[in-house]
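Chain nomenclature is as follows: A, B, C, D, E, F and G, assigned in order of appearance, with residue numbering initiated at 1 for each chain independently.
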């Protein structure tokens, strides 16, 4: 869209929104939010950027294809679920670290799982947007 | 308030079914999305609604002692919403393909696969 | 207590009436653009209601919901105008829809 | 005391939002309706958010509210701008009492851009009547 | 910009020192930080911009706020009374603003003000077309109002 | 133990991810898929062995005690389903190698399909199918349903031909309706009982004060699962869509997908909704009769092999539901046995149809002919599943029919037995119609089929032939050695008819 | 015993390969299989004639008591000897008859497969095993009738035979299962002692009807007889073997086998006698109207089967002895005559008796076989046929009820049969030689050996009937009637029965000379046939296809809304009926309390939006309404303590609306397609549905809330899962598996969108051309 006003604003907004999405993801375990909402916000930010600035410009910022995000996300989620099997516990049993990091809290498989969810949701929404935009 | 929500669910359900029975493809899809809304709202309402008591454990306490909204239906609905989104996204693209193949917004033209 | 009453019996009803009015515009159109503008405003009113809600229930969660709402409103507008302008040749006919 | 501040800002916000909604219903053309709705987007919502900020009076929430306000400040005008621009591009009719139009004929269909004021433009398109649908 | 961050940093240090994570305390810390920064940098003209930036920003914000309130009341009045006083039209405002950021901020400020909406930027970026609900009899006067008002103040903040 | 129970769900996803990563590399996907499917067969057989030796296996996902977390439960019934689904998976994996490669003789378009997610979708669909079989949680079942549905949507529409798009559209919309009913039903049940775990539901439902409400809610499940199982009069999506995709997909759909609906019907109507059997199961009984009848009649006027077979699916679903409705141990065992038999046989018939199309040039039996002379081995490979489907003894289909009919006779449901037997005869009619047309009559095209393609065991066709032989051998072994298969079905029926076994295993006496 | 079955099936499978690798001697080699079995069985005559009954059991499917239990008694041995003996002859004959035929290999396979199945039928003691073999004979018969499958008539006849006998088979299955459960066993040897219980049981009549349906269809009794003449499309060896000597007798065998269990009631006797009587008379009279050798023989076979059923129906030692004797002799002469017919056809190229004549000189050995068979057939002493006919008359004449009617029917039938015997066995050989499509040469050994052997055997056994009487017929009668069998004798002295025999011969010759006149009335017969059962079969089949296509056009008519209409109506009916049946509505209570103004307004707005979505004429305005509803729901979520849901719903609704706008903006305008009537109908349905759901929701809400598993989550979310946001903890921990499935769905959706848009647009045309036909 040939609007300088729009493109300029979206460039400013993108990092803010991505930061916000990560924030939503991380605090999700304690406050409303989580991987879904975070991923959706990131996806929307990405959609906004792609629609305003075009696919080529978006590709520059996200070197990985959306499908890669998706695969990585699924792998994260799945392996976080399967880790407990190696400890003889049922699948998807939460395993918690002992050291509490600031902001993030304990490192844990549910966190990894949530990150997986985030990546998948982000990958999916951006993939759909990409596909649709490329069709233009 | 539950009464109103029950009415709303019924209304959505009615509208959904009426639209599902239309020949217009897009109305059919809208009807299905209303149906999904009705289902979500139904689960939500049946989980007993309560105002301003989100199932969040206050900082400092370990449990929730007061009456709060039932978290499980919320989790279920969230799952259903997200799944619904995936399916809807696919369906919407599918409609577009249907239009490419029949050219009009009329499900009565989709008879080839039954002949 | 007074704050609660003001919100419950003044602020929220006023906002609801606003929503109703806006919705009449959505319903009336006459053009698509009118509807979009109305929906945009609807979201804005939603943000307002959430501030009221945040105060009413003393939950800052609703402020976050507002933020997402704002993002949504923006995104919808961008997407909409993008495609609205794009259908160049047919745009007049298109607008009739 | 703080409560009254909160109530004040809330009421101001709500009233202006109501006014904007009435304006949306009442104004004769799309541009004027948009202009009316801007009140809600800025004055109305900002007042209400400020009320919330005052109510909580907590650093985290204050930053939150500031964040939302900044976000609104960044996005609301862009939305309005884009809509107005689109409305103009597709020749949505203006109120018949519109005084002045510097933009007339400045839109270039091919390049999808707006010519500057000085350069004379191609002939403006035929007038479009605001035919009501329904 | 560096100094703004510095200022905020100082405010946070203040917060940690006092161990009172409250809004008022932050504002106090910020103000104190500002004074300290002014004090430290007052002999270095190159580093002096930030110290001017804040008052200029405040001045711009005040003008902007005034415009917003004025526009809101004006349109609001128009809406709640039965008859229309509007005199709408589109004017071309010649721009001094050059960079993307400048143009964007200006256009957004204009749009945020009830009663005016920036519709389009000319391709050569020399004109901003603005929709104005209450045009003056003399169109030029309306143009000047924007140029000498919002644009001027904004340029002072940004440059 | 924990790993083996959940492996049938997790492993296909891993395989799906591997094939997804190999997105553009068709060859590698093929290899990975065949090896993976073989491993899956081993996993499922191991699961079956453990279930047979140790009884019902339960793992509580997340190590949260039932009924709070999600229980994954392998009883004999679900283990049977998992084994069959993995066998089907292997058969299709092999079949896909050639059906994809030189896809349909003249076109290489289908090669592309593999670069557009055929294998990942197939594997993830298995994840959904196995999930639906193994889950002990009603909402979790909904999730698995959605997984298998959306993958089936895409598989169905993968080539995007006009017919496929139309078929997919009907399939998708009707299934969405079904999902909504399912969800609403789950919502009601949760509200009434406060739980989602099926074992826990079985405990809580009899305690619900208003039992009539439970019966009403069971109707939601009947309709929802009924749509998925394609019972009368909810089956319409099936004949509209099953004949449109390439045959390997049709086969897996015909074999497995409708059985997921049947499985769920059997599961909930033996575990959860058993408080008003006289009402609910009588309704199911009459539905089953109509399903049998309408389905088989639908086939009589068709000439496309895939459509004939599709209509027969409906009819045979009727038989399985019939078994459920009779609700005696023998009838349930019969239904389970019927499912085992039908998945293998129906999928095989579709695969044979694919070969008929390849060597005969068409699915339309009027356009094909003389195959008994040109491809006698194919004729045998057709006759085995076809006669089995028609219930000719001692093939597997005969036993299936026998159990159900015997159970019905014991309950003195004579009219329904009449319908069932009549339907059997009409099935025989349909199968001989295909045989008469495609195999016996002279080739109407006068083009010697051999010029089109080489023999069944040529390099070109061997991968299509192997799975057909494999499945035919299974059919024969069920038919000629029914005892062990019946033992397993009977064991499954025993568990289904005595829900307390299931309940105790899942809740672990914690109730 | 089991090894016989095993060897038989193995030989059937191996036959095509044997023929493929040893084409010259395959016929001989394969003849050894039935011959070997015959010899093996013949060794059992001695013990059986002493009254021994061998029972052998092989466990197969114990859970269902379906076991391969064999019984070797007179009856089964007699049948088994016929099957294997004639089987050997047929295989040998076929090697000549079908010499050089390209499908001969397959033919051997089918034939041996049939033979083994048939042996299984007659030897089984377990009725379910019997049934399984029974069905296998139907299948092999189908394959054999359709052997010349290039011809449409063959395929038609094969299908007809299969459907008729298959249908009967299904009835039989039901009958046997009921009988088994009533009698408490599936073994005939055990059921024998339960006879009185079964006969006295209320289910006796259904059992009988079902079993008779099986037997009558298989043995071509009226009104199911029509498939047999059509089955003559099969190659002649098949007709000789299956459709005269063996398979069609399976029904007779079954009746004989079960008669100790089921007989003894009026309904048994009357049904069998009446249907047998009708069949025998009808078959014989219709035979005379035919010109095709094989069709004549087919109708006489129908008649002969009628006679056997008739006799079993009459019951008693005389009748049973007559039946068994007739069965044996019929197998020999009818098998022989079929082989003769085949040989004539093979040598001359025609089977039309009108153009056959004077073949005596050209085919002397065939003539020998023919004339021997015809004599036995006509009941001329000293052939075995005479013995059988005497026995029949003896039975009817001495029967307690209506002896005269019975005898008249028997005599009349036999007169017709004598006439046809002349038509088939005499007429083609005598008189002037008529030119035929092919000039007959001397028939090879393979073709003449069979008929001659059978003819000579008929003569020999007639002369010395005690050979067969003691060894086979008496034990058979023992097995059926459980009384001492009647000793067979050629000569009974000058009795009225002998007079009847002479009368029969004279009448037969007379009828033969009248046969041309009868044939001239053919048109009349044809008209009569139009009302016959075969026309009924045709009409039924046609009706089936018509009904099927009508039904499919009705149900599966391609209109998606129609499908939805059915589904939704079904749903509504089920739910409403249940509500009505259980009187659920009586629990309804309405509670208006606790409604906030703004919430009510929101609900009203949402309802308006839904209405607007229904009414709107443009796509995007309905999309806008969808948005309103979606956001409204998000608002409800946020009002009622579900912030996570609200966040998600808002985001997803936006993405959905954007997708809708992006994709469907080129959608054409809505049209109001449906007529007002339909819209009203749909409105009624949908409003009813909505009200029902509202009612149900209200009902459930009125019920006391159960304690739910959620309390566990609230209790343990922070303590055990370290999260304060319980909803999120449920999503990623308590129910992480759900979420795993959910993100999988999402990923698939992305793949789906990608595939639909990218794959399709790449290659639209070519795929379509190749995929759809």
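Odds and ends about this structure:
To be clear about the criterion, a contact is a pair of C-beta atoms (placed from the backbone, for glycine too) under 8 Å apart; a residue touches a chain by one contact, two chains touch by 3 or more.
Bear in mind the structure is a predicted one, so any value in this text is a computation, not a measurement.
Considering every other chain in turn, the ones in contact with both subunit A and subunit E prove to be D. In terms of Cα centroid distance from the overall Cα mean, chain F ranks first. Using mean Cα coordinates as chain centres, the one most removed from subunit G is E. Work out the mean CA point of subunit D and of subunit F, and you get 57 Å between them. With each centre defined as the average position of its C-alpha atoms, the distance from subunit E to subunit F rounds to 67 Å.
Taking the mean of the C-alpha atoms as each chain's centre, subunit C and subunit E sit 25 Å apart.
Subunit B and subunit E have CA centres that are 44 Å apart.
Shared interface positions of subunit A, i.e. residues touching 2 or more other chains, are given as 1, 3, 5-6, 9, 31-33, 36-37, 41, 44, 47, 67, 74, 78, 81, 91-92, 94, 121, 124, 128. Each of the following residues of subunit C touches two or more other chains: 15, 17, 19, 29, 36, 59, 61, 64, 67-68, 71-72, 74-75, 78-79, 81, 85, 96.
Among the residues of subunit G, those in touch with two or more other chains are 556, 558, 560, 564, 596, 618-619, 639, 643-644, 647-648, 651-652, 654-655, 658-659, 662-663, 666, 669, 693, 700-701, 705, 708-710, 713, 724-725, 727, 731, 733-739, 742, 744-746, 748-754, 756-758, 760.
Within the complex, the subunit A residues that touch subunit G are 28-37, 40-41, 43-44, 47, 66-67, 70, 73-74, 77-78, 81, 91-92, 94, 96, 105-106, 108, 110, 113-114, 116-117, 120-121, 123-125, 127-128, 131-132, 135.
Remark: subunit B residues 20, 25, 28-29, 32, 35-36, 38-40, 42-43, 46-47, 72-73, 76, 79-80, 83, 86-87, 90-91, 94-95, 97-98, 101-102, 107, 110-114 touch subunit F in the complex.
By the touch rule above, subunit D contacts subunit E in their complex via residues 16, 19-20, 22-23, 26-28, 31-32, 34-36, 38-39, 41-43, 57-59, 62, 73-74, 76-78, 80-81, 84-85, 88, 94-95, 97-104, 106-108, 111, 113-117. The touching residues of subunit G, counted against subunit B in their complex, run 556-561, 564-565, 568, 590-592, 594-596, 599-600, 603, 606-607, 610-611, 613-614, 619, 622-623, 626, 629-630, 633, 636-637, 639-645, 648-649, 652, 655-656, 659-660, 663-664, 666-671, 673-674, 682-683, 685-687, 689-694, 697-698, 700-701, 705, 708-710, 713-715, 717-719, 724-727, 730-731, 734-735, 738-739, 742, 745-746, 748-750, 752-753, 756-757, 760. Those residues of subunit A that touch subunit E in the shared complex are 3-5, 7-9.
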